[in-house]
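Paired with chain B in one complex and with chain C in the other, chain A is shared by the two complexes that follow.
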Partner chain A sequence: MHFAFSEDQTLLRDTVRDVLAKECAPEVVRRVWTGSNEERVPVWGTLAENGFVGMAASEAAGGMSMSEVDLALVLEEAGYAALPGPIVESALAGLPLLEQLSAGTPHAAWVERVVSGEATLGLYFERQSLALHAPLADLLLVVRGDALYAVPRAEAGLVAQTAVDRATSVATLDYKPSPAHLVARGAAAQVAIQLAYERAALGNACVMVGLARRMLDLAVAYAKDREQFGKPIGAQQAVQHHLANAAGRIAFAQPVVYRAAWALANRDRAGGESRREAELAVSMAKIYAEEAARFVAKVALQVHGAIGYTIECDLHFFMKRVWTLAPFYGTAAVHRARIGAHIL
Partner chain B sequence: MKILVPIKRVADPDNANKVKVSGDGTQVTSEGLEWKMNPFDEWSLEAALRLTEDGAKKTRTGEVVLVTIGPKDAAQTVRTGLSMGAERGILVEANDQELDSNMVAQILKAIVDKEKPDLVVMGKQTVDGDSNVAGTVLAELLGWPLANYAMSLATDDDGKTLTVKRELDTGVSTIKVTGPAVITTSDRILKPESVKNGVTPADFKYPEAEGGRYASLKGIMAAKKKPIDEVTAASLGATPQKTLSYLKFELPAARSGQTTFVESVEELVQKLKSDAKVL
Partner chain C sequence: MMDLDFTEQEQAFRAECRAWLEANVPKQSLPSGDTREGYALHLEWERKLFDAGWSCVSWPKEYGGREASLYEWLIFEEEYYRVQAPSRVTQNGIFLLAPTIFEFGTEAQKARILRPMARGDLSIAQAWSEPNSGSDLASLRSTAKRTEGGWLLTGQKTWSTRGAFSDMAYGLFRTDPSKARHKGLTYFLFPLTGEGVTVRGVDRLDGDEGFAELFLEDLFVPDENIIGEVDKGWEVAMATTSSERGLSLRSPGRFMATATRLIELYGRYRETCDPALRDQVIDAWMGAQAYRWYTFKSVTDMLTGKPIGAESSLNKVFWSEMDVRTHETALAILDERQCLDEGSAAADDEGAWIKGFQFALAGPIYAGTNEIQRNIAAQRVLGLPRG
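Here is the complex of A and B:
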């Protein structure tokens, strides 16, 4: 078996990388941070127009029915650019969930709006204390027991909160379920909701890997540039070892995340056994990616010294994004417990 | 309208710091380099796509054929162009190190003889060789009109005649060209209203862009099915002869990074003479 991304998948990654490098450079993230960006979610229109937001939707809905493997590299690039906005929730986790469960209901009209980039999605599972990106999402998919509700933002009872990453919006939710918002309920809905949770955790892991890669690149560039004792600090063995450890963490996390994407994309190949394997793979991916990103953030900050934490230095966008996103869709501790429950 | 667009892969100019010269100084080594379509070629491809579409309806009205000359893996660069919207590609197998601009022009002539395009639209130069020669030599070999450094193109008869604005050091030269012709483009060809084809509504504006259009997801998927013909110079009946050899490459000297402040013009002139030795 050949485990590698296809030519199309790498071309897709390169294209998204190019789009984000041009249209979501750190100065754009800085403008979002300070609230002065013209677009609510930068670069969203370009991503949607070129089909990247609706990748996972069916062809009938304007998408390409693409799998978790196809989306993994795209989301990694979103992390690398610190793309503000609900890309995991809209592109990977929420859109297929909404399309699957809303068929034949008035809520189905939202699918096309999300694919076209006109609307964005937020996700709120019962285990969450905060709704990630909710103040930016046009429609919140709210899970209550075995039911899914599609709630327009204005009706969700949102109370905006301040995250350590000012480019990421979060909110608490004071929502009383309404029959008008009910999309689906029951056993089939529960299966779809569980799959959306796995996808959200996987997407979060992909973004973490991208963030870790960017922080390492920034730290390496700084180590080559910053001179102390008459030479670049990167010439010092102690700094090299720190950076090498960071590179090692990323190299270990990446294949675990890709494996989870593959396992999730092929979850039905052997019935219950492969679905269980996919859940385990997703948990491992979330653990490895989150811990790698936290580790690289620490190393990158050490390499930069105090300037790394200042608002003028780009590093803090990526570092604080890690700290903000890490608790969502299961912390490393939650996923460890899930693996424990599976193997004991 | 059928347009032939020659494209070349070059070392990613954003990673120019990775460019290395071989130990004997006779060539630039390609190890560890990431390849990218020559930016000038990407812009000429964008111009060709705009000439052969209805920009408002996003429908194709003509054909763009890409051609590259290089090793087999240069097909990836062609695939990138196909995903942007070109119809098909041609790969002429060759070794990068054994080519010069003259040979490229001779091979392109053989392709033109076979394909019979209405126009050849190409970048005015590549960012690696910076020769700015191949387009001019190709026009000479074909006996076709040449409009180089094009910053805008307008046609209303499917490319049979074109009004071309050329960007020169002395200003802008506006010329009328009767096709078939060779056109080389500058970066200003990307301006929102630089290309008019008589099909796209006259008031339509393309978005401001630093490069060619992005490959859409559908474009990437469609590119898989588009053909890339693999040929050789010999199979085209061409026997290009190399006329240029590079004797030596060397990297520019590292800059000191020092800044010297001076109090007067006299002192500046003195320093330029004594320290910088440029006067």
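Here is the complex of A and C:
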């Protein structure tokens, strides 16, 4: 038993943290909101150049064959910065899926484009009612039954919608499967698709933890600064207790999420038993992270008071990102049902 | 490298614990350890545990331990609660006083106290609170006056856990009345029998005589009963309270076992109970799991030079509130019969849930109320100003 990240893993986290602090500051997110940013997804080029987008791809494809544990802290930082765009889908969930199933097909050419940052990926699982990051993503990986289709944006029948988080694009999809898009089908494809779902849920949980941390930091800074009755509001016990509760949610979500990353990275070490353990761990991570982020959002808003209820204040980027991303890859209710099926 | 599997050594340790516990845990559960009759039976069990080397697995061998790692101690706890072994009536000694003695005690004190205490031959209770000093412990007023060869203790202590059945107690006394609050206090061990001390048992919420009030009047205590230095008692005591809030007071094994029993209970009534309770049962199971992983991560942090510190306040709030919710869920599953106390023929699990519920309600109060814990977390983890 040893429950800590390695020095390399925390160094990687520090690097991505620095990059995002410089290139994805709130004013950049604000420009994406208002549609005035030059890049559709800011920082993407820098992230790809530094190898962050291709982390999970094989070395042959220009990646680093990194695991869920390596990616967990990087994605948490993406959440902390409210990085717009399909980072979970491109870096963790979609890229290894595409690389594995497209080998020897014309679709394999996309892998290198994603690793280099030239193209981004979206994921659309069965029974999903909305495509996340579409129409922004260049290639949509669409699951139908036991088959995976790789669908260029223009051919997916997308109708753009407007999410409460304007920095995240969403669309409905009216897609008729075409043989030209088929990547793979059958039992092996299904296993890979299921793994991609687990990775997407885990990545989403990592982003939620990062968002929660950022909202708590904003609320604590505000509570130290804002004075009423002649002292900082953060000196009031009622405010302190709200913030302590928020800190507690994050403190307990983190080990649950990190443990899920480890369980997923080591899912095959003991056959069916360890795969079951990984599924349970991912579901717990999704629930703890989502509920922590939703809770911290409410606390942060309450502590900010009226200023938090405006779009002048940066807080809303982070809250609305939570509300937009949280239902994807299984709501807390879906994951509770999955746990219940295992343990009850 | 992160590795969340147990090593071969840790797995072998678990197998050894499990085999011994399964062979030796009393088949019939003992009467409550917070009653006079039950306490004596629990001490017999503690003796058996100690003689087989399972009382304090992480202690040095010379004091009866087996020098197990902290991970192994957590494994032992999981196995201990899994078989529903008797509650540890020595815990205020072995988990709260012992770390203080290891850190501040003299070699003579270690030799005199640790083994008999762990074996149940010498029962030592905590005596922190006074009638007017609970959360605000530093306002305490009991005094110790210099006399030939020792000290005379005078004052009143209260909520002394199992103090009514114990041989000795530990607590703080004002040795320098000219100094205020945290200064001028000294950490004493003192007897609970003989001239100068009166012990009055107090029935807890669940009816057991688990508490005691201690009245001291010129109780003589020799110098050798001081732990640490004279007038430095606050520093010594704080070392104990941080271990109380941290790992040792409530290891995850207890809550994992409670969650397992809750799942069994739900299995009994799933067809008839409110379907909404299903999610609450899942939440109880997840809470125990989350606490387990949080704890393993804390142990790794400690072993790699990152002490727990004020974050342990968040930990105490988490497990104490989780324990209340878990018991509330069990009561809801039991429907009308949730009110049935021990001794009712129709009570499920011998009335353990209503009793456990009452004990769980003490969790947010003892070892520093959850309000105080939230203040500590806000000020020392988040850096908010003092009110």
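Methods note: the second predicted complex is superposed on the first by the 344 of 344 C-alpha atoms of A that agree within 3 Å, B and C clash if a C-alpha of one lies under 4 Å from a C-alpha of the other, contacts with A are read in each partner's own complex, and residues count from 1 in each chain.
In this section, contacts are C-beta pairs under 8 Å (C-beta built on N, C-alpha and C of every residue); 3 or more make two chains touch, one makes a residue touch a chain.
Because the structure is predicted, anything quoted here is derived from the model rather than measured.
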(message) Touch test for A:235: chain B only (first), chain C only (second), both, or neither?
(response) second
(message) After the superposition on A, what does A:284 contact: first (chain B), second (chain C), both or neither?
(response) second
(request) Could you tell me if A:344 is touching chain B, chain C, both of them or neither one (first, second, both, neither)? (result) second
(request) Considering only touches as defined above, state whether A:55 meets chain B (first), chain C (second), both or neither. (result) first
(request) Classify the contacts of A:243 with the two partner chains as first (chain B alone), second (chain C alone), both, or neither. (result) second
(request) Using the touch definition from the top, say if A:220 reaches chain B (first), chain C (second), both or neither. (result) second
(request) Please tell me which partner, chain B or chain C, touches more residues of chain A. (result) C
(request) Could you look at A:64 and tell me whether it touches chain B, chain C, both or neither (first, second, both, neither)? (result) first
(request) Figure out whether A:175 sits in contact with chain B (first) or chain C (second), or with both, or with neither. (result) neither
(message) I'd like to check the shared interface: which positions of chain A are touched by both chain B and chain C across the two complexes?
(response) none
(request) Could you pull out which chain C residues touch chain A in their complex? (result) 1-7, 10, 71, 263, 266-267, 270, 278-279, 281-283, 285-286, 289-291, 293-294, 296-297, 299-301, 304, 311, 313-315, 317-318, 371, 373-375, 377-379, 381-387
(request) Using the touch rule from the top, collect the residues of chain A that touch chain C in their complex. (result) 1-6, 69, 216, 220, 223-224, 231-232, 234-237, 239-241, 243-245, 247-248, 251-252, 254-256, 258-259, 262-263, 266, 269, 284, 287-288, 336, 339-340, 343-344
(request) Mind listing the chain B positions that touch chain A in their complex? (result) 76, 79-80, 83, 210-211, 214-218, 220-221, 223-224
(message) Considering only the defined contacts, which chain A positions touch chain B in the complex?
(response) 7-8, 11-12, 14-15, 18-19, 22, 46, 49-52, 55, 64, 66
